[in-house]
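Order of writing sets the chain letters: A, B and C. Residues in each chain are counted from 1.
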Amino acid sequence: MNERESLFRRLSAACGSHGAAVEEPFPVGASMAVESDRVSLFAKMFTAAGGFLLRGTVETALSDLGEMLRAEGVTALFFPEDDAAAREIAEALVPFGPFNLTTGAEVRGGSAEVTAGFRAAESAIAETGTIVETSAGGKTLLPGLIADVHVSIVQAASVVARMEEALEVFTADPPRNISFLSGPSKTADIEQTLTVGAHGPKKAIALLLG
Amino acid sequence: MELNANAFGRNARKALLDKTLQEALGRTTVRFQVHRDAAAAAFPEFEATRERASRIKRDALDHLDTYLARFIEEAEKRGAIVHVARNAGQAREIAARIARDEGVALAVKSKSMASEEISFNEALQGAGITVVESDLGEFIIQLAGEAPSHIIAPAVHKTRQEISLLFERHLGEPRTDSIPELVGMARRHLRAKFLSAGMGVSGGNFLVADTGSVVLVTNEGNGRMGTVLPRVHLAVVGIEKVIPRMSDLPAFLRLLPRSASGQTISSYVSIVTGTRRAGDPEGPERMHILLLDCGRSAILEGKYREILKCVRCAACLNVCPVYQSVGGHAYGWVYSGPIGAVLTPLLVGLPEAFALPDASTLCGACADVCPVKIPLPDFLLELRSDAREQGLKTPGEIAAMKGYAGVMKRAGLLEAIERIAGVLGQFFTKGKGIGGLPYPFSGWTERRDFPAPAAQPFRKQWKIKRGARG
Amino acid sequence: MPYTTGMDPKGPIPVSLFFTCLADAFSPGVCSATVEVLERFGATVRVPLSQTCCGQPAFNSGNRKEARAMARKFLLSFPDDGYIVTPSGSCAAMVKHGYPVLFRDEPRMLARARAVGERIYELSQFLVDVLGVTDPKSDFSGKVTYHDSCHLRRGLGVVSAPRKLLRAVPGVEFVEMEESDRCCGFGGVFSIKYPQISCKMTERKVERILATGASYVTSGDLGCLLNIGGLISRIGYPVKAIHLAEILAGKTAGRGDAG
């Protein structure tokens, strides 16, 4: 008998017969976010999680965004090659620079530049102010992972009220990686002092469009 | 991790005299507690979610055989390789073998209490593999050669000056008093490790049965980095972490951060399922999941099943006045506070840790905050009773209890003793408190007076005033 | 839902006093104060003289064999009907929650334990929830702060009753301390096994008490008060530990022997 069989023998003995497992998930409580205000709730919660929110159109947001990136000392803008929304914004930002454009390879190697990573969010969750990114369809997670500043492009129509709705689409066959990103990378491990940029982005910016 | 639980009393006395630790404890536990209470109060569904999460966990444990089988099946279907270890020794062997077979020279690890149970780092280092802790707190104490003192804030006992000294010595960084600078140093150092490591090691906050997913919750982003960048991902997880469905996950994601640190959500939640898919630009080519029994199936079988509901939020530590007084190291193993006082004896055996269940006033603050409603005080009482049954109590205590129960059997005898004590007490103390008692009560009177027995107990007074009719 | 005796609500209210072994031996004044208050509000108080200890110290230290013997004795000492009232949240919680554990394998005793558990009340809980007392009619005066005993608050869920009563005493200036629900460090056998930790907790409690500037600290459990009072008397702080029953009874001679 191998270890696995032996484990299951022990577990079955321990569990005995406790009746059938609960088939349906236990009921979810009343909705925390009313449908009509999910976008403003997202904005509020994203900010509460330490993120910076820019709302409007690409054109109106560019100068604020450029200013924010310069303030962080950003020198390179990094976007996935196959992400049209990210590319559009990164390219439009160049005049607000000086910024170099890059699609990745050298960033992964640990470049000396201060980078801002751009990526279109798959969806966003109002109750927690969360950006949802996944590897579905071969998408990369690097912009929100290794860049110093992360800029998410969020379509207002993609904002869902609760986590359940964001996960629903993946329950049948989840991609390798589903990431919930809520604000910048944080740590309070030294003297309980909240500090950003432990491993991930020091600044999380959401560009909320539509 | 080396086991030293029965030295709790000695460890605790040492901790009480450690000024730095005392300051850190005061700061940390109060802050966590205040934030947790505020988060719970700001979330109207907190109680309902607690109830729901508690029932989901209970169901998951009652049918752990079914759900774990489902988890393994789904994970393997998506390319993960699942290993099972009965005990720490086996787990160490398997982990070392995986690392060797995968040709790993450097592994980066994110926080995992389960890996502490099996002394994971030592196992890999013994096989010639370097393991770097990537959680900032864990990284600091790894440099210091110490053990974590708090489940979610492992380096809570270190000051910035001590940390800067460690970074100077081990990383060659200049001295600084700036916390952001210290964080930046660790970031740079660890980023290089993430980019060059062959294997990322993680724990797992939840295992989702219906999808075979491993869920990681972090604030720093190290769990995420270690499961995206390196070629191999190894998750070391206890079998009790299974939840039935992906749709059950939100309830836990709402409770865990609120209970742990008062956050609405942690910065990063990663749900990782199997290996990288065709067309994925990154992600591990190989995923190993090492499932630990290490005493859990035995717990599942007995009266302590519900302790396995624990989600390791550490809310019970933060509210515990004993933990607040002595910190985590005093508990002498991986888990501290009320959860440690119950879980440690159950995992390592009561003879090795019977001092821990006594390390509580049974005040019940832990049960009030537990997000999955574990009856911690009831379990502490139950373990104390087990200690008696297993012959782990001192003959002195048993004799004292027998004598005490013998006296209490007869009100007349009690009254007679009270009368003698009353006379002696009044004579020696002249009605004031007693300043010094012999062992085993000497500890009480070291810094506190003990009351003198009344000259005339109430029973006697009542008889005199109202007669013996009762 | 309070237990009902099935008797005429306007008739005498039968109460058996569970005076507790601790108060009997160390603070008999607490017991007589309890009787005084109960009688003030129409209770006919009986004192079963064969009662001793509920067995909590044995139960809490894991010595269940001895605890069971004491619990049996307790259950036999009290009559089958009427209320049982005690000036201790901890002892009431023991009977209510501890006894069913002790007798979980003895159906007959378990039923009896449960029935007795239904009838047992801590003093302030009884006054407010059963008798509906809003004015305790006490002439006590002084600045008072209140310590929540863990077992009264968490074991019995009694939080507001003692506060309501204290606020209703005209001469009492009631002031909340910070962390009033934080354990004082007594914990019965805990204070003997780990006295240094216990003391550390008591010191923090006393700090909070002193910060209120109160002249009295009160509570619904004598154990806490002996512990807190023991530290106060050792240092000589200008505050007195006094049982809630004594405040409710009023300012008469011989009060305040709890600490």
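Just so we're on the same page, contacts are C-beta pairs under 8 Å (C-beta built on N, C-alpha and C of every residue); 3 or more make two chains touch, one makes a residue touch a chain.
Worth saying up front: this structure is predicted, and the values here are computed from it rather than measured.
Enquirer: Out of every possible chain pairing, which has the most C-beta contacts?
Expert: The chain pair sharing the largest number of C-beta contacts is A-B.
Enquirer: Starting from the Cα centroid of chain B, hunt down the chain whose centroid lies farthest away.
Expert: In terms of C-alpha centroids, the chain at the greatest distance from chain B is C.
Enquirer: Just curious, how far off is chain C from chain A if you go by their C-alpha centres, in Å?
Expert: Comparing mean C-alpha positions, chain C is 54 Å from chain A.
Enquirer: Between chain A and chain B, tell me the centre distance in angstrom, where each centre is the average of that chain's C-alpha atoms.
Expert: Using C-alpha averages as centres, the distance is 30 Å.
Enquirer: With chain centres taken as the means of their Cα atoms, state the distance from chain B to chain C in Å.
Expert: Here the centre of chain C sits 33 Å away from the centre of chain B.
Enquirer: So which bits of chain B are touching at least two other chains?
Expert: Within chain B, no residue contacts more than one other chain.
Enquirer: What residues on chain B touch chain A, complex-wise?
Expert: Contact set of chain B toward chain A: 24, 27-28, 31, 45, 48-49, 52, 55-56, 59, 62-69, 72, 78, 82, 84-86, 90, 134-137, 140, 153-156, 158-160, 163, 179-180, 182-184, 186-187, 190-192, 194-195, 210-211, 213, 219-222, 224-225, 227-229, 239, 244-251, 253-254, 261, 263-277, 279-283, 291, 293, 297-298, 300-301.
Enquirer: Inside the complex, what are the residues of chain A that reach chain B?
Expert: Those residues of chain A that touch chain B are 3-4, 6-8, 10-15, 18, 21-22, 25-30, 32, 45, 48-50, 108-110, 127-130, 135, 137-142, 145-146, 162-164, 167-168, 170-171, 173-193, 195, 197-201.
Enquirer: Sort out for me which residues of chain B touch chain C in the complex.
Expert: Contacts found on chain B: 9, 12-13, 16, 321-322, 325-326, 357-365, 367-368, 378, 381, 383-388, 393, 397-398, 401-402, 404-405, 407-411, 414, 418, 421-422, 432-433, 435, 440-441, 443-444, 446-454, 456-459, 461-463, 466, 468, 470.
Enquirer: Using the touch definition up top, name the residues of chain C that touch chain B in the complex.
Expert: Per the touch definition, chain C meets chain B at residues 19, 21, 23-28, 31-32, 46-53, 55, 57-67, 69-70, 73, 101, 150-151, 154-155, 181-183, 185-202, 204, 226-227, 229-231, 233-234, 257, 259.
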